[in-house]
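The same chain A turns up in both complexes below, where it pairs with chain B and then with chain C.
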Partner chain A sequence: MTNFIDFLLGGFSSGAVIALMALALVMVWRSTRMVNFAQVGQAMFTTYIALTVQQSTGNWLLALAVAMVAGLILGIVVFFLVIRPVKNSDTTGAIIATFGVLIALQAGAGMIWGGDPEGFIPPVSNAGLEFAGRIWPVSLYDILVWIVTAALVIGLTLLFTKTSLGLSMRASAFNPEVARLSGVRVNRMLITGWAIAGATGAVGGVLIAPVSTISPNSFDILLVFAFTAAVIGGLDSLIGAVTFGIGTGLVISLVSGYTDASNAPVVALALLALNLLLKPDGVFSHHGSRSV
Partner chain B sequence: MRFKFATGSVALGTAAALAFATAIPAQAADPGVTSNKIVIGTTTPLTGPAAPGYKDIPVAAKAYFDYVNANGGINGRKVDLRVFDDQYNPALAKKGTSQLILRDKIFAMYGALGTPTHSAVVQDLNRRGIPDIFVNTGGASFDNPKKYPMTFPYFPSYIVESKVMGYYMANDPALNAKKKCLFYQDGEFGDNAKVGFAAAGTTFAATTSYFSGQQVAPFSAQITKLKSAGCELVVFFGVTSATAQLLGTAARSGFAPTWMITSVGTDPSVLKGSLGASTGALMKGIYVPNFLVPAQDVGNAYVSQMKALASANGLEWNFYTYYGINTAYVLAQALKAAGKDLTREGLVNAMQTQSQNFRSAAVVPFIINQKSHQGATGYYMAQYNANTDAERLTDYVMVATSSSSGTARKITFRPAPPTKKLLP
Partner chain C sequence: MLLIENLSVSYGAVQALKDVSLEVPHGHVTAVIGANGAGKSTLMRTLAGLTKPQSGQVTFNGEVISGRKPEDIVRMGIALVPEGRSTIPELTVEDNLKLGGMWRSHAQRNASLSRAYSLFPVLGERKSMRADTLSGGERQQLAIGRALMTGPQVLLLDEPSLGLAPLIVTQILELVARMAWDSGLAVLLVEQNATVALRIARTGVVLNLGEVVKSGPAAEIASDEELRHAYLGY
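Up next is the complex of A and B:
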């Protein structure tokens, strides 16, 4: 029984990390109706910037802030340089282009920071908490990650549902022509969406780094799981992304704990396939139909 | 198959001789060799997730060949090493190997890295009759002279390594008394380990695994499993980035068993980047098999000269640099032994008949003949100290002369000193 609780807690922590990346994917979907495969690359790049700041100043909050700003800027740059020129003619082309951006970012990071994995020192203790005479697989740092994840979901949900900016963004993504006719500056909204997604991914990267390591490819596998979570959650549901991000973490943990870890990716993909068969719009999606 | 190959090359040789008999006097018929140059190729990850550490190998080998070239080359020929970055991707390894064969017209392949990557090209290399020297992997499938007459592994297979680990644990009373557990990477890497431990008769109280890439997040579930099973000695078969996650997760969970880790999973220079200041404390006491003279043993003639060569080229002295220089040194000796009229057949012949004369920093015997291309046959046991140096624990070495059958046994072996100035 204690094993079961440990598996759940451990899975919850790694799931929070997947959830953060899934959130960024959903942000891009909400604002542009496309999947950004370069998201993990952008997060990796901004995390390297944060690492450089932390190594030179020792200030984690400053590193996080710089990463967020860098993520914002990088999101805009990627949108302007790559996505907008391609997307006007072809959304599929734009999605493929995000793969190109991912490869370019990984190569660029390798040239700047080298290929060796580096550690990222957490702002609070990462040691398992001692309680009731044993050490649990949860640290103060894990709790910090949970809090930030929850705050991000609440903040972004409020942005989309309670502000006119959020409404304009959703309108621009859903039907750019009608939105434009209603006086929404569509391009500006798309850029805003990419910028916020970039910053969200940057927060994710900085939070993931201390429990992982940072190298040009270190977040690659996260993309697979974050994408799974985002799709099952319905691609435009923030709460869906978080729920199924954590769910994916739990599945991996339980499968690794009770059977063999090599079964974990298979189980995750089987769940994705099942979901696409039974509820292709995603569990948390409210739309009746969607053209992709 | 071999007969077909033989007639093919005779036919080709005859055709070539007829075509060029009058135009070019007395020159080797094989591609990649001229009177003053030998072109060899390698595929290795220089970028991508597998690059850390491995990317240092071809750079070090090149530094050694440059040194040989500056000292007159091999039988008057300079070695030209062409490197292709395959990112540890089998599709790219295939593309790179074709490019090396067709565009660079290599004489031989050297130090191609990785089991999945090299599996994609090994048949093609053998079909074309291109020597495939010192494959950089412990995958047991490459030692198969019947199927792959051109392919020669260098370091012991993971099966041999686990047989050696099993032998050592069984013969060290303190270790043998501990509750032993196994943690491995899924796929051929971990499967090989399980085969070796089964052969050695090692039984584990618990086993657990991770999938390649899972090390991006903590190994919480696996550590919980090992901890609750009461494991006191954990054998780990994984790559270095996974070792970093393993040591980090275990430390956070207050789990401190005795560790025994595969020789390819503990490079301190890579671990230091991930684990930072606590690297020494976390690595202290880890058992690791090794088959080269300890890298910190600067009193040794191999280490001192190879280290000097590395520093003269501005290279960091780590396991991979050491390994790259060492295998380049052995290849240079094989090329020299193949004689002035260098041919592919001559090189393979030299490998199979003269390998006992080749000097290297390896402190274990080699088996390279017509029947077996095993390469290094075993290991000594080492243990990391707080300075992240792996200190040699056994003055003997433990060898297993076959992956497919038998177990490990203890022998004493004294390697010959290096050649003069480390030249072939």
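Up next is the complex of A and C:
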């Protein structure tokens, strides 16, 4: 039982990061109805930028802020690179193009920063906290990850539900024609969606880097988990992405704890397959918003 | 005044509008009637900027609007209520309304919102409910309310009667006619239900296979039996 609780607690941090990546995928899906497979590549690239900032200034908050801004910009760049040229002709082409961007980002990062894994020093201790006579699988850094994730999710929720920009973005996602007829510049809203997704992914990257290492391919597995969480959540639901992001983190923590870490991706894909068989619309999706 | 001159639109080989000219003056309802496929919706979508004209032009108070984007046309004061009660079901009633005219000042938007609620009290009662919980008539009121939130000088109404009970249609259209009269709104109403449309309109325009076959005082068109038999099928 102690093991079970430890495994669960240990899963929350990776769950939070998966949730952020899934959120990024969902925001792109909501704005342009496609999956951006370059998302983790963008996060990897901005995490390298954050690493550079941290190594030269030693300021973690500054590194996080720079990564977010870089994420926004990179999101916009990828939008113009991928969506603009192929969007009108076909979505499948654009999705495949995102794979191209992913490979280009990984190659680019390898050329700039080299292919060897590098460590990212956490701003606070990464060692398990001692409490009530034992050491728990939760560190100060884990708590920081939870706080940053919660703040970002709350911020995004407020943005989407309480502001004019959020209303314009939601309307553009639900019904672009009605939005345009109401005076919303829908194209700008789509770009904004990609930009916010880029920044969200960037935060996820900076948060996960200290507990793993960073290399051009180190986030690839994150794509599997985030994609699973986003799809099970319904692809267009922000709540779904967060819920199943954390849920996926817990499941992989349990699987890694009881069996072996290498089984985690297989279990994630099995869950994805099960979901597509039993509830292909996703759990939190609006009915019929996605076809498989 | 909205002025349409020699407007032609085609979808590939199909000529949807041929050389259509008409004017929509302020303070009145102008009704465009005609059977299914006469080009009525194409006319509306072209005026709103959703469809690009092949030739001809549309001017509003002397400024050319044809060929512009829908979001720019609505910002100039021309609002379309598209066919089929175009509300966004996932959003609340109030969010559907607030979507209209987001570029306007806070004060203007608040004034328009209270005006919409006083015109359509039922929307005020249901403002925090999702739009898909509304009845057909309520959703049509919501769609018109959203268009009014943009502060239009010209209101384009595409088949507002579709699928609604006759009594509700009459209520909504009479309200629109009163609004035109009271606030100088120019209304272009497209309808398959010619009887109701011609009753509230000052001018009637009969469209057939993309061409204007007759235009004149609404009462005159309503009483022209030959015209009715030939183009309106009743």
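The definition used in the following text is that the second predicted complex is superposed on the first by the 281 of 292 C-alpha atoms of A that agree within 3 Å, B and C clash if a C-alpha of one lies under 4 Å from a C-alpha of the other, contacts with A are read in each partner's own complex, and residues count from 1 in each chain.
We take it that a contact is a pair of C-beta atoms (placed from the backbone, for glycine too) under 8 Å apart; a residue touches a chain by one contact, two chains touch by 3 or more.
Owing to the predicted nature of the structure, the values given are computational and were not obtained by experimental measurement.
Asks: Quick one: is A:261 in contact with chain B, with chain C, with both, or with neither? Answer first, second, both or neither.
Replies: first
Asks: Looking at the overlay, what does A:179 touch: chain B (first), chain C (second), both, or neither?
Replies: Only chain C is touched by A:179; chain B is not.
Asks: So, does A:228 touch the first partner chain B, the second partner chain C, both, or neither?
Replies: neither
Asks: Going by the contact rule set out at the top, does A:6 touch chain B (first), chain C (second), both, or neither?
Replies: The first partner, chain B, only.
Asks: Scan A:219 for contacts with chain B and chain C and give back first, second, both or neither.
Replies: first
Asks: Count the residues of chain A touched by chain B and by chain C, then name the partner with the higher count.
Replies: B
Asks: State whether A:164 touches chain B only (first), chain C only (second), both chains, or neither.
Replies: After superposition on chain A, A:164 lies in contact with chain C alone.
Asks: So which positions on chain A get touched by both chain B and chain C?
Replies: none
Asks: Can you tell me which positions in chain A touch chain B when the two form their complex?
Replies: 2-3, 6-7, 9-11, 13-14, 17, 106-107, 110, 115-119, 121, 126-128, 130, 135, 137, 139, 208, 211-213, 215-222, 249, 252-254, 256-257, 260-262, 264-265
Asks: Would you pull the chain C residues touching chain A in the complex into a rising list?
Replies: 48, 50, 69-71, 74-75, 79-80, 82, 86-91, 95, 98-103, 146-147, 149-150
Asks: Help me check something: in the complex, which residues belonging to chain A touch chain C?
Replies: So the residues of chain A touching chain C come out as 164, 167-168, 170-171, 174-175, 177-186, 286.
Asks: Chain A touches which residues of chain B in the complex?
Replies: 46-49, 51-53, 55, 186-187, 208-211, 213-218, 220-225, 228, 241, 244-245, 251-254, 269-270, 273-276
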